[in-house]
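In order of appearance the chains are A, B and C, and numbering begins at 1 in each one.
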Amino acid sequence: MQFTAAQIASMTGGTVDGDPLVTVSTIAKIEEGHPGAISFLANPKYTHHIYTTKSSIVLVKKDFVAEQPVSATLIRVENPYETVAQLLEMASKMMEPKHSGIEQPSFISEGVEVSEGSYIGAFAYIGRNVKLGNNVKIFPQAYIGDNAQIGDNTIIYPGVKIYHNCKVGANCILHAGVVIGADGFGFAPTEDGHYHKIPQIGNVVIEDNVEIGANTTIDRATMGSTIIRKGVKLDNLIQIAHNCEVGSDTVMAAQGGVAGSAKIGSHCMIGGQVGVAGHIAIGNNVQIGAQSGIPRSIPDNQTLMGYPAVDARQFMRQAVNVKNLDTLYRRVNQLEKLLAEKSENK
Amino acid sequence: MQFTAAQIASMTGGTVDGDPLVTVSTIAKIEEGHPGAISFLANPKYTHHIYTTKSSIVLVKKDFVAEQPVSATLIRVENPYETVAQLLEMASKMMEPKHSGIEQPSFISEGVEVSEGSYIGAFAYIGRNVKLGNNVKIFPQAYIGDNAQIGDNTIIYPGVKIYHNCKVGANCILHAGVVIGADGFGFAPTEDGHYHKIPQIGNVVIEDNVEIGANTTIDRATMGSTIIRKGVKLDNLIQIAHNCEVGSDTVMAAQGGVAGSAKIGSHCMIGGQVGVAGHIAIGNNVQIGAQSGIPRSIPDNQTLMGYPAVDARQFMRQAVNVKNLDTLYRRVNQLEKLLAEKSENK
Amino acid sequence: MQFTAAQIASMTGGTVDGDPLVTVSTIAKIEEGHPGAISFLANPKYTHHIYTTKSSIVLVKKDFVAEQPVSATLIRVENPYETVAQLLEMASKMMEPKHSGIEQPSFISEGVEVSEGSYIGAFAYIGRNVKLGNNVKIFPQAYIGDNAQIGDNTIIYPGVKIYHNCKVGANCILHAGVVIGADGFGFAPTEDGHYHKIPQIGNVVIEDNVEIGANTTIDRATMGSTIIRKGVKLDNLIQIAHNCEVGSDTVMAAQGGVAGSAKIGSHCMIGGQVGVAGHIAIGNNVQIGAQSGIPRSIPDNQTLMGYPAVDARQFMRQAVNVKNLDTLYRRVNQLEKLLAEKSENK
């Protein structure tokens, strides 16, 4: 399937700068461009590639000014990243395997209804009283425990495990290996030095439009619910402990961990490998740098880094201060020497 | 099912302070209380909720003194947290799905005996010469490799993978996605700059009463065994490398990692995202703060924090010292200036 | 099966120092030695065990000099660790379960060819147009998505999930729970404060001789490929984000994370729980200490530690400098006091 620059411009509300009849049939990174491909330039860091790319078309910002000759045809758009997302969506619809129907063998408990257009892969397990929305895709080897609910259009990739009583909203994507609703980590010490398990009788509630990365784990609440609000995006290998709440449209990069009963606000951006202590509250619009450790509650709109985390600018100053300590020690040595000489000379 | 305050007090050895005939049918967090629910107050941080909770009954410590009027009926007990654990256990027995029998299709190698009362879920795989104890529950899509052993009453949740020759004790719980006995990470560099795999012919031995969180991985030993002693509790996404030993009743929070051949003592408490270096020994009763890095062996009874970890109080002082470095640099600037002036004035 | 010291020496090119006729039938760690076992001494840290070990034979370096009497027979070799790797390989071939053929029920899409000598375990899922090399082993409950390719002799352990279009080379080992090709974490913010998913239409390419540890996740590229070059060894629970490239013969210890579009050179050694920022390039032969954070590009041949990472020796000095800050503060206090006294005395 081929598109001309003029066609793409008209689909994306852009304007053509170059040959409107040049055609493309695939998408490529600007630095890996080749004839017949369309690329995009969103990050200024990559601007130099536009002068050498072999792609036939490059999407650029409306106000892009070339400082050298460009051989590719340009299509100028408001937001090249968003436009490429649209094109990728069209491409992915053309390229991604389609699945529907019920593959055999699968295990679907008696009385569970599977709507037309849904997919149940081979070796998937659907427990008792499970409620499946319309047009769900349950890939092979996924497990949906008793009484669980899955909303409309949600995709459950291979091997996802959802424990009993948990709820997943509509339009969610759960990637392979995700575990929803395993027991929270709760134990009461006994007098003879052992631990007694605190049963975890709550569940996990995942609202609509949530995406969860591969092998991420979200534990069920001791009582009540561990809650992932609508629009949250969690990367791979993240741990969300029992009784946590993650606010709407918050994004967390891979390998972060949130300890029990912590509450994270909405529209936060949390870097990779961050740790959040238990029983604290993080406000809305908080940004946390990668690998930071958050030991206490944080008000709205903060930008934090470090372990223990401080304001990001303060973190940068601290890092410089620590780096320069060799010099500071020398300067204090020198002061002591000078002062000792003065005392002797007196 | 309903219970009166008087009934609960008699079951738990508590005393009623309020209406002994008020009834409850569920458990709720104190801040989410509602009529008909019982809550508990164990952490003093939450004391203020007792004056506003709508729960009908609240479990409190024997010596709790209300500073404002409380509308709920109180039941005074020695340890509210332990008591609620008992109640949760009763509740979980009433609420959790029951599973028994052998679901089809499952794969059980010839000659493997499944005792009455056990559960083998659909798509579970039981290898050759596997020994299963009495009353085990093997959930769907779990894999038990050849020659593995599972003790009495142990629960293997969906999708757990146990490699050949590994042993899991009695009364253990392994949550979804746990991997026991994958090859340890051992490679010998070759002269031409590649790596040669060191075969890992040992196994993993997990003793009784161990609980292991979702997606945690415990590697098999190169030779001999990687050992998890009785009563250990591991949270989610933890890595235990080959030839490690974790001592009895030690608890580790999520995402911690223990490198090869490290030995951790008994009754330790290890925070989330902690890293322990290989080939070191950590004593008994050691407490390690979240995100710490432990580069060397640690004697008994230490409390550590930081990267590299130091005594916890020292870590706190270090953090303050680093935070105040701006001021220290200014003070040294000032000293240098004063001393220079003095020299000029002389 | 038993071997004499003389036989082992002749197999390994070593020389016997002791009884050439003593026999062994198993391998044991030197500190857990027992009659009938062979042990080895490679790490000088463990030298003291050679004087007390009960093993019948110990492999030592050619130039080992005993400082006390040794009761075991010694076999002197160039590289005891490599020699033991050879012996382990022989042992593992004798001890490891053999699998071949196609177990039922499994799901193999029409037209997919399975070569003789290959193994497809029960509940494994092989998608449409999958290409399997010769002598592959696909363990139970593994998932190979549509159009994926698996090279000759590659072992896919239980429960591995490989998404559509991904390629795995020859002689690779993927351990249980590995997820290859889940969507990269890419979202475009929308004007109303939500996120729009950027479809991820690329794939993952894993070259030959790669080993990947349990529950590690490698995301598919937005466009193009996430690439793991030949000979790479990844430990457990590692995250490799979309569009990354990991250079040949690089090894990464458990729980490390590499953010999107980062490029790591060849022959690097990366410690556990390390974080690498997105869109940066790390050179060849770079060594990074455990738990370090790498915020910017790194040239070849560096040795780094810390967060943010600095040269390893500088990191050590920094740690000492920070530890000694109490004293520095006291010294500056003292200087200020002395100078104030001087001013008063003037």
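Just so we're on the same page, contacts are C-beta pairs under 8 Å (C-beta built on N, C-alpha and C of every residue); 3 or more make two chains touch, one makes a residue touch a chain.
Nothing here was measured: the structure is a model prediction, and the numbers come from that model.
Student: Quick one: do these chains touch in a line, a ring, a star, all-to-all (complete), or other?
Tutor: Topology of touching chains reads as complete, every chain touching all others.
Student: Once the Cα atoms of subunit A and subunit C are superposed, what angle does the rotation have, between 0 and 180 degrees and to the nearest 5?
Tutor: Here the rotation carrying subunit A onto subunit C measures out at 120 degrees.
Student: Roughly how far is subunit A from subunit B, centre to centre by C-alpha average, rounded to an integer in Å?
Tutor: 25
Student: Send over the residues of subunit B in touch with two or more other chains.
Tutor: If we look for residues of subunit B contacting two or more partner chains, we find 105, 123, 141, 159, 177, 215, 237, 255, 273, 307, 322, 325, 328, 332, 335, 339, 342.
Student: So in the complex, the part of subunit C that touches subunit B is made up of which residues?
Tutor: 27-29, 32, 43, 45, 79, 81-82, 84-85, 88-89, 91-92, 95-97, 103, 105, 121-123, 139-141, 157-159, 173, 175-177, 209, 211, 213-215, 231, 233, 235-237, 249, 251, 253-255, 267, 272-273, 290-291, 307, 319, 322-323, 325-326, 328-329, 332, 335-336, 339, 342
Student: Flag every residue of subunit C that touches subunit A in the complex, lowest number first.
Tutor: Spelled out, the residues of subunit C in touch with subunit A are 105, 107, 123, 125, 127-128, 141, 143, 145-147, 159, 161, 163-164, 177, 179, 182-183, 185, 187-188, 193-201, 215, 217, 219, 222-224, 237, 239, 241, 243, 255, 257, 259, 273, 275, 277, 279, 293, 307-308, 310, 314, 317-318, 321-322, 324-325, 328, 331-332, 335, 338-339, 342.
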